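What follows is chain A paired twice: with chain B in the first complex and chain C in the second.
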Partner chain A sequence: MARLMSAGNMISLLWGASTTISLSLAAILLGIPLGLGLALARWTRLPVLRQVVIVIVSLFRATPAVTTMLLFFFVLPTVGIPVNAVAAALLTLTINTAAFNSEIWRAALEEFPREQMEAAKSIGMRASQRFYRIVLPQIFRASLPALVNEMTLLVKASPAIAVVGVVDVTRAAARIGAETYEPLPPFLIAFVFYGAFVFIFVKLHRTIEGRRRLQEARS
Partner chain B sequence: MENMTQLRLSEVAAITLAVVALCWPHAGRAATLAEIKQRGYMVVATEDDFRPFEFIKDGKPTGFDNELLDRLRKFAPFEIRQEIIPWPGLLAGVSTGKYDVAVTAAAITKERQPTLDFTMPLADNSNYYAKRKADKNIQSIADLNGKSFGLQVGSVMKERLPELQALLNPTNGKLGPMTEYNSFPDAYQDLANGRIDYVINTYINLSELVKEKPNVFELGQKVSGRVMPAWAVKKGNAGVLAFLNTFLAQERESGGLASLQTKWFGTSFDELPLYWMSEF
Partner chain C sequence: MSRDIDIVWQHRDVLLDGFMRTVLLTTITTIAAILTGAILATLMQSRFRLLFSIIQIFVDTMRCIPFLLFAYLLYYGLPAFGIRMSSWSTGLLALIVYSSAYVTEILRGAWASLPRDSIEAGEAFGFSRFNLFRHIVLAPLLFATAPLIGNQIIQIVKDSAFLMVITVPELTYAATYVQSTYFTPFAAFIAALVLYWCLTMLVETVVAFIDRRAVIRR
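Right after this comes the complex of A and B.
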C-alpha cells in the first residue's frame, strides 16, 4: 500500500479528512441549537412562524444534501448573497442536520408532560427558568440517542459538499484514485477513517449514558 | 446502487439549477472581458480527475490544461483564479456565470452549442473503447454486441452512441446495457472488477489508462467520428472567447501547444481547424 500511495497523496488525504472533521463538527455544533430553536418555534404555536418553520424543515429534510449544496452555491450569489464553496458547504450541512434535529427535539417536546410546566409555574418560576431548569435537561436526555444517530448520518452525508470543489476525504480519495488508477488504497483509508470518526460519536454517547445510569443508581 | 441514485440526483440537480439560475432575473450573466479587466481577475474552473487533461498529483493540479493555464497566466494582463471542481457542476457553473471559463477538455457538441461558446479545438480526440485485457470475448467492434458498458454521466459519449450502433448494424449487433458513472475512474474500477465489459472514453484518456495499467486494460477500436475538445465560455461572451483564442493562436504559432500535446497525449495535433462545429 505504501508503494501505491506517495507521501504527497497521503497528505492530501489527511487534508481531506481534516475538512470532513471540521465541517462536520461545526455543522453539528451549530445544527443542534438551531434545530432546538426551530422545534421551539413550532412548539410555542405562534401562527405564522410555525407554518414557516414547518415548510423550511420539510423542504430541507426532503432535499438531498447535494441539491442543497448546488442551490446555495449557484443561486445565492445571483440574489446578491456572495458565498464561497466552504461557506456553502457549512450552510448546507448545518441546515440539513438542523432540519432533522428539529424533528428529534420536537418529538421530545411533544412527549414532555405539561403538568410539570404547571407545577413549575405554580411555584413562581419564570418562563426562561422553566425552560432551562425543567424542560431542557429532560428533553436533552430523551433526544440524545437520536441526536447522536443524526450526527453519524451527517458525517456520512458530508461527501455531498465535494460537488462544488470542497475536497473532503472521499473526494481526496477519488482524486488519488484518478491519478494513480489505483482507487483501492485511498478508499480503504477513507473507509477506516469514517469508521473511526463515527465510532467516536457512538463511544461518546455510551459514556454519557453510562454516567447518567451511574448517577441515577446513586440518587 | 445508492451511489448510482446519488449521481443521478446530482446530475438532475445541476441541470435544474442551471435552468433556474438562467431564468432568474440578472442571473447567469457572465463577466465581460472589460469587467474582468476592471475587477482584475478571471475565474476559471478545471476538473480534478480527468487524467491526462487535468488531475491532482500530490495535492497539486497538473496535466495538459493546467500547464496551458500556466502559460495563460503569463499572457493575461490580469490575475487568473482557479477553482478545481468535479465534472457534474462544471459546465453548469460556466453557464450560470459563476466561472468565466471552463479550462477543461469539453467536447464541442451540438447539444452544448445553445449554452456555451467554444475556443479553437485543442486536440482530435475520437471515442474508443477499453476492455479488460484478460477478456478474450471482445476482439472487435462486432463482439461488443449485447455487452454491458460504462461511461461518465453528462459526457458526450452518450450522444455519439448511435455511431457505435451503426458500426454494430452490419453484424446485427445491439448495444448492451449502459451504466453512467459520476466519473471515469469509477467506470474503470467497475471494468476491472468485471461488473461491466467495456468503457467508452476518448482516445487520449484511454491510451493514458492503458499505458498506466497495461496488465489490466486493453485499448479497443474507434467507436465514433471526430470529437474535438476545447475550452468553453458562456454563450455570447465574445470578448472572453476572442481573448482566449488570441492566446491559443499564439501558443499554436510558437509551437507551445504542440509541445504540450506531445508531452501529455504522446502526439501533436497540427491539422486542427481554428473553428469547429459538431454535427452531433
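Right after this comes the complex of A and C.
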C-alpha cells in the first residue's frame, strides 16, 4: 500500500482528515448551545418565534445536508453576505446538527419535572438561577447520550461539504483514487480514519450509558 | 427574486423529473434494503458463528463510514475489477448495500427483544426456519420496528442527495442544473428543499399510520 501511495497523496489525505476533524468538532461545539437555544425558544412559547423555530428545525431535519450546503454557498453571496466555501460548510454542519440537537434538548425539557421549578421558585430563586442551577445540569445529563449519538451522525453527514469544493478526507480519497486508478489504498485509509473518529464517540456513548446504569443501580 | 421564481416555474419539469427520480431511488432502495435486511437478520440467527461474524463485520463497517465514501468506492472501484455500470446503477447499488446494513441492525435488535413464547410455539409445531420467519416473526418485527424503519427511509432520501456527486440525475442534481444554467440559486434550491420536506412528511405520515395500526394490534 505504501508503494502505491506517494508521499504527496498521503499528505493530502492528512490535510483532508484535519479538515474533517476541525469542521466537525467546530460544528459540534457550536451546535450544542445553538440547539439548546432553539429548544428554549420553543419551550418559552413566544408566539411568532416559536412558529419560526418549528419551521426551521423541521426543514433542516428533513432535508439533505448536500442541498442546504449548496443553498448557503450560492444564496448568501446574492443577499450581500460574502461566504467562502469553508464558512458555508461550517454554517451548514452547525445548523444541521443544531436542528437535531434541539429536538433532543426539547425532549429533555418536556420530561423535566415541574415540581422542581415550583420548589425553586418557593425558595426565591430568580429565573436565570432556576435555569442554570436546577434545569440545565439535569437536562444536560439526560440529553448527553443522544447528543453524542448525534455527533456520529454529523461526522457521517460531513462529506456534504465536498460539493462546494472543500477538500475533506472523502474528497481527498476520491481525487487520489480517480488520478491513480488505484482507489482501494486511499479509501482504506479514509475508512480507517472514519472508523477511529466515529469509534471515539461510540466509546464515549457507552461510557456515559454504563456510568448511568451504575448510578441507577446504586440509587 | 420574482424573476428567479418565474424561471424555476418555467423549468419545473426539470425539478419534478429529479424529484421523481429521488422518489424512485428511495422506493427501490427501501424495498430492497428491507428484503436484504430480513435475509441477513435471519442468517444472523443461525448457529454458525462464522456467518454471524461476517454479517456483523459488514454491518459495523457500513455504520462507521459516510455514505459518500462508499458510493465513491463503488464508482471508482468497480471499474478497476472490470465491472462497468452506469452512474445510476452504481448509485442505486451503493444505496441498497449501505441501507441494508442499517436495516439489518434494526431488525436484529428488535428480533432479540421479540417475545420468545410464540417463536418457541412455532418451533414446537415443527415450522421450518423459513416458515417460522414468514408466518410468526415477520409481522410483529415489521410493526415493532416501523418508527426506526421510517427514520431509515428518511436517511435514504438524504443519502440519495450525495449521488449528485457521481452525476446521478436526482433532485439536488436537477436543482444544481437549473441554478447553474439560469443563475437562480435561491428559487432553485428552496424549491428542492420544499420537495424534500414534502417527501419526508409523507414518509412520516405513512409511518405514523402504520405505528397506530401496530398499537391497535397489540
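Everything that follows uses one rule, which is that the second predicted complex is superposed on the first by the 204 of 219 C-alpha atoms of A that agree within 3 Å, B and C clash if a C-alpha of one lies under 4 Å from a C-alpha of the other, contacts with A are read in each partner's own complex, and residues count from 1 in each chain.
Rule of thumb we're sticking to: a residue touches a chain if its C-beta (ideal position, glycine included) is under 8 Å from a C-beta of that chain, and two chains touch if they have at least 3 such contacts.
Keep in mind that this is a model prediction, so the values were computed, not measured.
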- Does the chain A-based superposition show chain B and chain C clashing or fitting? clash
- Message: Quick check for you: in the superposed arrangement, does A:190 touch first (chain B), second (chain C), both or neither?
- Response: second
- Message: Quick check for you: in the superposed arrangement, does A:164 touch first (chain B), second (chain C), both or neither?
- Response: first
- Would you check which partner chain A:199 touches, where first means chain B only, second means chain C only, and both and neither mean what they say? second
- Message: After the superposition on A, what does A:64 contact: first (chain B), second (chain C), both or neither?
- Response: both
- Query: Counting only touches as set out at the top, which of chain B and chain C does A:8 meet: first, second, both, neither?
  - Reply: first
- Message: Looking at A:179, would you say it contacts chain B, chain C, both, or neither? Reply first, second, both or neither.
- Response: first
- Look at A:74 in the shared chain and tell me whether it touches chain B only, chain C only, both, or neither; answer first, second, both or neither. both
- Item | Steric overlap of chain B with chain C in the superposed model, located at which of 57-65, 183-191 or 201-209 | 183-191
- Note on the structure: Intersected contact list for chain A, partners chain B and chain C 64, 66-67, 70-71, 74-75, 78, 162-163, 174, 177-178, 181, 183
- Residues of chain B defined as touching chain A within the complex: 6, 9-10, 13-14, 16-18, 20-21, 24, 26-28, 48-51, 55-60, 83-86, 88-89, 92-93, 96-98, 183-185, 188-189, 209, 212-213
- Residue set of chain A touching chain B in the complex reads 6-9, 11-12, 15, 64, 66-67, 70-71, 73-75, 77-79, 85, 162-165, 167, 171, 174-179, 181, 183
- Task: Provide the residue numbers of chain A that touch chain C in the complex, in ascending order.
- Result: 58-59, 61-68, 70-71, 74-75, 78, 155-160, 162-163, 170, 173-174, 177-178, 181-184, 187, 190-191, 194-195, 198-199
- What residues on chain C touch chain A, complex-wise? 61, 64-69, 72-73, 76-77, 80, 154, 157-162, 164-165, 171-172, 175-176, 179, 185-186, 189-190, 192-193, 196-197, 200-201
